[in-house]
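Both complexes shown next keep chain A, but they swap its partner, so chain B is in the first and chain C is in the second.
Moving on to the complex of A and B:
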């Protein structure tokens, strides 16, 4: 199949699927509803297959690092292969017994989840340094942001109300009357942008979903 | 009513796209963040360092209504950045935890190198996949410390990784371009990046890069739609003051 037909076919399939999903979202047509449900199941199956492909990709990349003894990386790749094999084995054992393997669950809860939580906790320090940069009063806009930020911080910190009872009130005003309308404006404009992006995608004017390089 | 509004929106986009295609002059917005991309790649070329590119966590799948389009918009821009990198002999490293985006990314980058007449420049080793948020973040942080990329481009559906990657990029002195349509991460991107694409700008950026008149026409349609929404908000505000729910009832139909 020529590249041109392949491209047209992708757009045709994408357009048809999008049309079915849009129509069934707004209208109750039993035949199309069934088709839409079927399409969603297909999407899920493709997604699960992609996870398998991702695992193969990981093994391939890390095996290559090990084989080529890539400086600074091969040792991590070797460790990855060991852990991958262990988790795969434990998962397969659980699959064969019909229930989740207890060791698999233990490793997941006590190693992976703990490490993830640790990493998440580090975010606090990054937020401090980002806030420091954002709250430097270099001009009038930054000064207004700083003043607003101080009120919001003192409204949320218990010590704020102890210092002055007005902090929670003013901070609350910034949160409700200042932040909510601004965020809703962002949400509305984001939705409009998404509409236009979706329309361009349906017409084949966007390269993202086709895997084509930007013009 | 929602269906009617959708049809009207699409008709408006189509009208301006056709007008632009017929040669009508369309004054579309430009984005400083998009204009800064060549500078970011040029900086990497001068320093002999790579460009780091990521489309964020995106909830780990393209099949997510909120994040999927953002990831796709990020991949659209990736094509443009990859072409610039290929042209300037700069290495680009792409990091993602979104498994189903891998074939698209691979195809986008391969096509970009091909279009620059440099197919041998493409290497799948520069596409880094890590399953889930924490491994993705850890791998990205390690990469930044080891390779010290000259530029850090983060465009897509971000979660808490935005502040971590942004701050890590600041630590190594990278030029940073960020963008997301996730409102909860915008403050972090604005605080840490030199240039930011805010909300719909992320979707519109690829249209500006494409530069096709008909594609730019859809941006014009979007701007007109914004004024319509603003007018509706104004009317709704005034009717609300008068305790009149007519507009709300019409929109709820």
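Moving on to the complex of A and C:
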């Protein structure tokens, strides 16, 4: 099959699938509903297979770093491979015995949970330090951002209302009248962009989704 | 900078000083709680009001789309909601996507919800575990839950669970709560609320609250709990005080310190502006 036919076939399949999904979203046509549901099941299966492929790819990439002794990376790749092997083994042992491996659960609950929570909590320290270094009223725009930010911060913290009853009111005004219209604009323009992308895909003008981006 | 005057020094404080100040200041409210009053806002009230109308036997879904790193923001609100729903004898279905650690999160919710201890698994609540997918699957869940889950998390066939009797899709669900660090809640709004009319409530991290607010104001979300503040408001409304209310003192201290840092930096900046 020539490259042109392969390309056309991909666009035809993508276009047909998109048409079925769009029509069934807005109209109740029993025949098409069944087809749309079947397509969604296929999508679910493909997505699940992609996770397996992702794991294989992760091992390949890290194995390559180890093999080539990539500077600054191979040691982390080796550490990844050790942990990957341990977790895989523990998971498979649990699978074979029909119940979850206790060590697997322990590692997940006591190592992963602690590390994950710590990483997220550390951002608080960075925000504190960044507020000091970055929040300076260098011009009128920065001053507006700064004042608005302070009111929103004090509206969100219960102590704000204790200091002055006006903080939650003014902070709420910044939140509702200030940021909501901007956020609506982003959402609506994003949705319009997505619509345009959808139509381009349907018409075969968008090739990035099957690997032709930049060609 | 050590040779500069006090205003120069004010602009160049080592970041490690801030880290220590924050670390020490955050310990104080945990050692000696202050108890600042917490005002209730409309978004969290929206969740409480909608949950209050749930009748015994009605099916409610909690979709845990947040990981353990977001426990500080999302867990207290999820616990308060589950406790409320259990008190009202709702049937609760739990699943999640985007985070592989939802087993731990659900276990934590159960541990903190004494009301669930009197409930029977499979009859009053069921857990389906992690679903590693995106919007397509949420659309499929809305049409046919059995097309996505044939078993629960403990390998029990879905039709062997009494709770699933007459529950096939979004049309059979009274309301759905989505706990998010990302954009899964948007999928539910499009595929469950817009298409089937299922009421959706959001339990998100504080960072998401500004993005979620337009959907609350437009009525696409019946309520919104943003960060630990939302959790504290829900705990207060539901009468189940917990971790979020305790955290609010620390939030107050840390937010005050951020404002203090901003003032400090700007005082130094304006005092030395003429020199630049």
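Operating definition for what follows: the second predicted complex is superposed on the first by the 203 of 215 C-alpha atoms of A that agree within 3 Å, B and C clash if a C-alpha of one lies under 4 Å from a C-alpha of the other, contacts with A are read in each partner's own complex, and residues count from 1 in each chain.
What we mean here is this: contacts are C-beta pairs under 8 Å (C-beta built on N, C-alpha and C of every residue); 3 or more make two chains touch, one makes a residue touch a chain.
Keep in mind the model is a prediction, meaning the values are calculated, not measured.
Contacts of A:153 after superposition on the shared chain: chain C is touched, whereas chain B is not. Of the two partner chains placed around the shared chain by superposition, chain B and chain C are both touched by A:129. Look at A:175: by the touch rule set out above, it reaches chain C but stays clear of chain B.
Contact with chain B, but none with chain C, is seen for A:189 once the two complexes are overlaid on the shared chain.
When the two complexes are overlaid on their common chain A, residue A:116 makes contact with chain B and with chain C alike.
The residues of chain A shared by its contacts with chain B and with chain C are 43-44, 47, 51, 112, 116, 119-120, 127, 129, 131, 133, 183, 187. The touching residues of chain C, when paired with chain A in their complex, are 13, 15, 18-19, 21-23, 36-39, 41, 67-72, 101, 103-104, 107, 132-134, 136-137, 139-140, 143-144, 147-148, 195, 206, 210-211, 213-214, 217, 227, 229, 232, 248-249, 251-259, 261-262, 264-266, 269-270. Chain A makes touch with chain C in their complex at residues 25, 33, 37, 40-41, 43-44, 47-48, 51, 108-109, 112-113, 116-117, 119-121, 124-125, 127-129, 131-133, 135-138, 146, 149-150, 153-154, 156-162, 168, 172, 175-176, 179-180, 183-184, 187.
Interface residues of chain A facing chain B in the complex, by the touch rule stated above, are 22, 26-27, 43-44, 46-47, 50-51, 53-55, 57-58, 61, 64, 72, 112, 115-116, 119-120, 122-123, 126-127, 129-131, 133-134, 183, 186-190, 192-201, 203, 205-215. Across the complex, chain B meets chain A through its residues 2-3, 6, 9-10, 13-14, 17, 61, 63, 69, 71-80, 82-83, 99-100, 102-109, 111-112, 114-115, 124-125, 128-134, 137-138, 146, 160, 163-164, 166-168, 170, 181, 183, 186-188, 190-192, 198-204, 206-207, 209-212, 214-215, 218-219, 221-222, 225-226, 229.
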